[in-house]
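Here chain A shows up in two complexes: once beside chain B, once beside chain C.
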Partner chain A sequence: MPSTSVALTPGLASFLKSLNTNPIDTSIENLISLLKRRQIRHSRSCATATAYLLLRVVSACRTSDPVKLIERVQSVGRRLIAAQPREMVVGNIVRRVLGLIREEAEGDHDAEFALSEAGSESQPQTPRGFDDSSLPLDRDVLRPDADRAASRPPLTSMFSLLSHPVEDDSQPSTPGTQSPRGLPGHGPAKDVRAEVLEGINEITDELDQVDDQISSYALEHIHSNEIILTHTSSTTVQKFLLKAASKRKFTVIHAESFPNNHDATHATVSGNSPADDENLSFEAFQKPLIALGITVILIPDSAVFALMSRVNKVILGTHSVLANGGLVAAAGTRVIARAAKVHQTPVVVVSGVYKLSPVYPFDFDSLIEYGDASKVLPFEDGDLVDQIDVQNPLYDYVPAELVDLYITNLGGHAPSYLYRIVSDHYRKEDISF
Partner chain B sequence: MATMTGSSAAAGAKSFDIVATYNELLRSDPDLTMPIAAIEALVLLLTKEPSSTISETLDLLEKSTAHLKKAIPNPIGLSAGTDLFQRYLITTLQRPGQLGPAGDFKAIRTHLLSNGRLFIRRAKESREKIATFGRGFIRDGCTVLTNGGSRAVASLLQKAADDEGGPSAVRFRVIYVLSSFKNADEPSGEPEGMETVRALRAKGVPVSTIPESAVAYALGKTDMVIVGAEGVVENGGIVSRMGTYQIGLLAKAIGKPFYVVAESHKFVRLYPLGQYDLPINQHVIDFKSDDDITEQKEESATPNTNGNQQIELPLCDSVDFTPPYLISALITDSGVLTPSAVSEELIKIWF
Partner chain C sequence: MGAKQKGSSKSKGNQAEEVEETLQAVVLADTFETRFEPFTLDKPRCLLPLANTPLIEYTLEFLANAGVEEVFLYGGAHSDKLEKYINASKWRALSSPFKKLTFLKSTSTSVGDVMRDLDGKHLITGDFIVVSGDVISNLPIEGALATHRARREADKNAIMTMVLREAGPNHRTKSSSVSPVFVIDPTKDRCLHYEEIDHHDDDAPTRLNIDTEIILTHSELDIRQDLIDCSIDICTPDVLGLWSDSFDYQSPRKHYLFGVLKDYELNGKTIHTHIIKDHYAARVRNLKAYDAISKDIISRWTYPLCPDTNLLPGHTYDLRKGSLYQEQGVTLARSCVIGRRTVIGKGTSIGDRTTVHSTVLGRNCKIGRNVKLDGAYIWDGVVIGDNTDVPGAIIADNVVIGKGCTVAPGALISHDVKIADGVEVESGKRITKVGRNGTAGPTDSKVVGQGGEGYEFVPGEDDDEEDDDASVASSGLVYRMPGLSLSSASISTLSSEVSDGSWQRSARSSFSDEEEQDHFHHDASVSLFDGLRDGVSADVVQLELVSLRMTANASDVQVRRAIVTSFMKYIQQLMEGGKGAGDAVHEVFSKYREVVERTLFDRNKAEKRDQVDLLLRLQQDLVHRNKGDTVLLFTAKELYDLELVDEEAYEQWWDHERSTESEEMKTVRSQAQQFVDWLANADEEESSEEEDSDEDDE
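After this line comes the complex of A and B, so read on.
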């Protein structure tokens, strides 16, 4: 936690600092207004802020009843998402916390269930993440406990068509159907809340380590004397390249991403990055690529197509990744991806799993955020501003077919495999909460 | 279709004619899908044929299923249902707990028999569920191109046009591709899908009907293609009404998203490698010279009653296979899936 004594400009650092002293509701309001005013804006910052806020929310929630915990997290999550629907990482973190609570709540029952079925084991229980998909029937029976109690269990597997109805009274004593509230002596035996808090801490650890984990795959993908094209000042990409640069010599062509990110990109390339209070201090990378002897060529965005024929690989950062394998990334990404496709150059996207959203892009236009028009046409040109309509989209939607490989902290994946990672990380019932 | 019920009943189903039951079920309820009708028929079979042991039941099911598949010209849809039913029985019986080996086999039997109508209701509910998922795809001002007589597509479009169940009705337009084949089931001979066209027009949705030859021409005015499916195969491709493949190819060429609407009980364990690899006997491409035509005329005078031969699918019911790379997403009752997610759903129930 940064401990600066001067009054900080509102942002992630000041938010995290105030989190422990302010009451919960003030903190929630605080984050909502920060999100609305776009004072917290990078994916990672939003994710970190959300995770720490939920940590506080859960620890302040004086209950061990998973149903109440879920309700509380859901209501906070809804408000955060409403504040800034385009920052999909906020929703992702909320969903993961909800999944954690559900998992802990069901874990209680699974243990109970395992006892009753010991002896004749038919389906081996695989560790977390996989067991919820491999035991669809058990989940159907178990879900009503954790879920909104009255509703029918959602149809999750193909068997749901045939399985026992919940209201069927012919099975009054199936082990899983007892509600935690029905057995007051049993629920608190394991402290759900403590487990969830531990889980959230794991999420924040993951957020801290994600870039290093991703960069550990760098040497598998960047080879000597290759020419790599990249775009924007993404920390993840820089760390990835730096890791490779420690062992190999290659050339980087860096598109400057005018007008929204060119200052940061120039700073990244030249290595004199200004103190960025948006990023936490440990994220600021010490050495630029040039210090490691890498040739870095800074080009305007318009030169991308011209140079693409000489490029061996395109490595891109992203804002968020969608369930169908498409991604929302800084404006200009689609042009690069399309140019790469034309030249049959492989496109690699590096992204933490936390950016992977279960949202399906029904409406691509609604995902695109528009930024400050004065960056394109300064207001000094008042005469012109009056007469023309200036637009400055901040993001591009890149369809899945333009991407060849995703590298996340879990490894490399084909775009068509992302659905699987989505289903491993988010519960179906949380996708639209 | 009624003619094939006369074929001799197999050894498995002695007094109970599963084929006739299946056809009767399909006829009696126009909303019933083939897999559900097959499951229903099997449930009825279990009611009629008392069996006390697990292996006896499974054996009976296997024989009747084989018989049913042989008697129906296009067994893809129904095999999804029979496979699902069989797997459900096996998995439930293997699973420890009340219904497992330690428990009572009768319990699961009674559950199945007493809940026959429940499956049908759930199957219809799953269509509702798809409509809720799919509503997000249809946005104000868009134009949807569709074909065939899929009930799932019809319910999705109608739900989008409805005021209730959402914030407000979506204002969209529909281009309906009508098949050039005469529909044998309709006495008026009007092509499949006219019912949906009328229902949509009644709800105030502007619908344009075009022939299959105008698809490429119309796609420029289209925002997305939504089609139904008879079966969703293992690789994520679909078996659907003849003409779907070409719409898929054209949509891909023009760069329009191509969505498939299908209930997850239509997922079937089949891996067709191409158009001519389907387990269906359909003579869409039929080379003939003058000699062949005269020969065929003579032959048609003496009807062929060979029980072993698979029955030929009438031309109006012919299907084609749309490979997965043409499909943007599958809208199912378990969410919006990419084609590659289908195999996983299948693996979940088979292994």
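After this line comes the complex of A and C, so read on.
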């Protein structure tokens, strides 16, 4: 019975499956409609779908010209973002891919012609996973002098005909200097794309590993006999706690996040979460915290304030993180963060870097998605439905001053430091594309 | 790694499933109802905008959500326009979630015809979903589908599953004019009986007739009228076969469902229900539902099918605080007030000091200064002049309304109508420019003012849609009127009646209408007369009469009336052929004594009601006939001789007020006077009875 239902519902799994067989435009439309219909909705699912789609887009793009490649990715990205502007990770992934292309394009010619003033600053830290960073770092360090020697002369005239005036001088370098891994036999044009594809693959790898990387910091933050309060069924948080639970004993208080996520939360706590296809997560294979001997107390959201005085640390998952250090997280998070502030309890937010968005929240309201009102008030209640406006916000905006620490896959950061990570990961010119 | 493995194994499973069965759906774009007139005069109903998105988009979106792969779209009226729209839409594009989208045109005039047509085309290969082209739902259908399939696995006769949404006793989204009542066996989710109760048709039964069989064989029964019937049916191909078998079924519920359930003994097919308690499902069945569902969409009960999902490419709606959806490129004057629950499309401009509340405004509208809009539905390209009030009306595409007008609640103004300055449009008026046959009608300046264009549309009487009247009353003209709350009262009385009515078979004949009686009378008297003329034996005549009586559910009174008419007619014919009155009467009544006897049941009672009735009817009938008085006399005697009518009955007849009510009646019975007198005397002298009657003969 469940297998039939899985076969029917379109979602991340069916999208990824169809990606290889469908023409590229179909896949784009497909993802747009999936995003619109909210059939792909978790941050990571959105990010994964976007990354794989862009992988296809770039590999299907026959042009060797980085400018055209950028234009192509931009146009796809714009449509994806328009489809679901509140899933900010979609934009983040698009921006990172754009950054990759620019970097590869720039890397090939003189630093003085670099497209971005911020370029020299941002280059050393490429948007790859932190443990890969040594490799690109080497390359970037190598680049200026090596490129200068090799890249300029013969092809300039031809490329200037083809490319945008601004990008006039953008041209690929000879393969040898370009990349340590590049194949020498290939034409120069092909290399930009190959590099970009490799970069996107690294992004998808990062998406796969991000929770494990974050959880490796767990022991630094959770100590024995602490009381930890958390909220929602976030996989990242669960892994973080599980990692700590393997070594230490502590108590977890879990707010159930009614009405949008309480079923999932209950399942997480009790350990009988169904194999959730959409998440592509490890949850199904994982033991719940209670199996490791951790005391988990499930509480209604309303009891948060009363219990806060006894809590040592609040650990929260998030939907996305904004450039100012504020976050958009499941509804109810703000109340928890506020209560923690009152009791001077530290609030730790665990989030992959991919959730970090360069968007500055000028208008908080526009970032918050409103969901199905029937989760709050049963639709059967005709009289009330007729006379009452019911609003069911799915997300809360939590201002930066309520958060004490961010733990990403790159380590722990203060909210005030996030701007720096943003500028490391996204190019200035891509922030609003 | 684990995830990848899992994913791949799952996807393999998926492929296997898909090879097995592709899910098909049939969309009935036209439901063959006239409730949306005058808007549907020149536009197919499913292209009418609901919160600025055509209705059909919601339906197709629902099917895409459900994972449907093949869609058959049946166009009805204006199917060329619909086809054009569909061909240009994203559903035809390469990226469409549907592998196949077939547009079928038909000349059908009912849902039944469509289904029979579909059966004839042999397009359906497996289970399929039938929806009408106006369904709004965010329900993931797989749950219902899985239970349907499991049930069908277990029992081949479970042919259909209806998806019903639970809603309380009073709900704006529920249809208020007709309440569908489902009798369900909750243990098996099986629908046992279905009936529609019409609150606006006074002649229609207000009781529910449930077969005693149902009550006797099921230990548990739910009688529910709190369900929204969103007409989403999951069917097996057998369903089409049943449609074809019964060529007279027209509507999917009133005829088909009712009929199939009634004939359970015959065909053994069962129909099941899937009652959902969460998620949204409703059908825009009339204008009241249009209003309610628009509100539901704006208050996000239908999430994610909300304006800010931008279902149509090119839509750029944004949700602001207070359920305000606004597209990019809207011009708002500084001093205008935009209230809650409002949708405003691109290119619309709103003038100074204008207030807008709970209103849907389409694209490129021009709203003047100091206009009041409250609860109105204004489609694309409408121009509204300064100082105009629109407190709740539907204004279709490209309507121009002058300055200082008032459009009262419930008015419907159709495409391209122009209303001159200062006109008051009364509540419930339907103004159109296009006539029923597609050509522009005459302009009625009384309705639209000097310089206006359009005339008042009167919903046609020629529509044989039986609930047309109901639609006039309920659908919507009055969709915002407080008076509508009266329907809640009738619902609550209904529910108590339901419980009473279910236990006693209600006497339907008590208000069986005149028409039916006439039918029976005509049929029965003709058949009796033929029988008499051909000299058929009494048994055969009797048999024929009984069968006629059973089919028409006629009363004894009617039977007597028919007998009297036919007998007297035949006697008259005999007399015209040269027979004496006495002989003729004797011949007929002695031969067919049995037939008459079977209609008289009061032999042993003191008050001879039936016999008196017979005599009265005789008398009445003979008033108009030649030599009526003589015939009456002989008939009275004959009936006495044959011991059909007793002495007491004659007395009672004679004293009955109706037998002397007019001059003609008196004349006709004058000759019988002697017989009655004689009868009175006969009491004293039994023996002389025989002689006297002989004398009377001549």
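Note that in this section the second predicted complex is superposed on the first by the 341 of 433 C-alpha atoms of A that agree within 3 Å, B and C clash if a C-alpha of one lies under 4 Å from a C-alpha of the other, contacts with A are read in each partner's own complex, and residues count from 1 in each chain.
Heads up, the rule we're going with is that contacts are C-beta pairs under 8 Å (C-beta built on N, C-alpha and C of every residue); 3 or more make two chains touch, one makes a residue touch a chain.
Everything numeric here is computed off the predicted structure, so don't read it as measured data.
Peer 1: Which holds for A:Ala323: it touches chain B only (first), chain C only (second), both, or neither?
Peer 2: After superposition on chain A, A:Ala323 lies in contact with chain B alone.
Peer 1: After superposing on the shared chain, does chain C or chain B touch more chain A residues?
Peer 2: C
Peer 1: Could you look at A:Ile431 and tell me whether it touches chain B, chain C, both or neither (first, second, both, neither)?
Peer 2: First partner only.
Peer 1: For A:Ile294, using the defined touch cut-off, is the partner it touches chain B, chain C, both, or neither? Pick first, second, both or neither.
Peer 2: In the superposition, A:Ile294 touches no partner, neither chain B nor chain C.
Peer 1: Should A:Phe379 be classified as contacting the first partner (chain B), the second (chain C), both, or neither?
Peer 2: The answer is second: A:Phe379 touches chain C but not chain B.
Peer 1: When the two structures are overlaid on chain A, which partner does A:Ser416 contact: first (chain B), second (chain C), both, or neither?
Peer 2: After superposition on chain A, A:Ser416 lies in contact with chain B alone.
Peer 1: According to the stated criteria, A:Pro10 is in contact with first (chain B), second (chain C), both, or neither; which is it?
Peer 2: A:Pro10 sits against chain C, while chain B stays out of touch.
Peer 1: So, A:Ile214: does it touch chain B (first), chain C (second), both, or neither?
Peer 2: Neither partner.
Peer 1: Report, in rising order, the residues of chain A that make contact with chain B in one complex and with chain C in the other.
Peer 2: Touching chain B in the first complex and chain C in the second, no residue of chain A appears in both lists.
Peer 1: Give every residue of chain A touching chain B within the complex, in rising order.
Peer 2: Residues 116-117, 119-123, 133-134, 136-137, 155-165, 168, 170-171, 173-175, 323-325, 360, 362-363, 416-417, 419-420, 428, 431 of chain A touch chain B in their complex.
Peer 1: Enumerate the contact residues on chain C facing chain A in the complex.
Peer 2: It is residues 2-3, 6-7, 10-11, 13-14, 17-18, 23, 61, 64-67, 90, 93-95, 97, 138, 140-143, 145-146, 149-150, 165-174, 226, 277-280, 296, 299-301, 303-304, 309-311, 316, 318-323, 340-341 of chain C that touch chain A.
Peer 1: How about chain B: which of its residues touch chain A in the complex?
Peer 2: Of all residues in chain B, those touching chain A are 39, 84-85, 87-88, 91-92, 94-98, 100-102, 107, 110-112, 115, 118-119, 122-123, 126, 129, 136-137, 139, 264-265, 267, 328-329, 333-341, 344-346, 348-349.
Peer 1: Quick check on the complex: what are the chain A residues that touch chain C?
Peer 2: Counting only chain A, the residues touching chain C are 1-10, 13-14, 16-17, 23, 25-30, 33, 36-39, 82-83, 208, 275, 277, 280-282, 284-285, 365-366, 370-375, 378-383, 385-386, 389-392.
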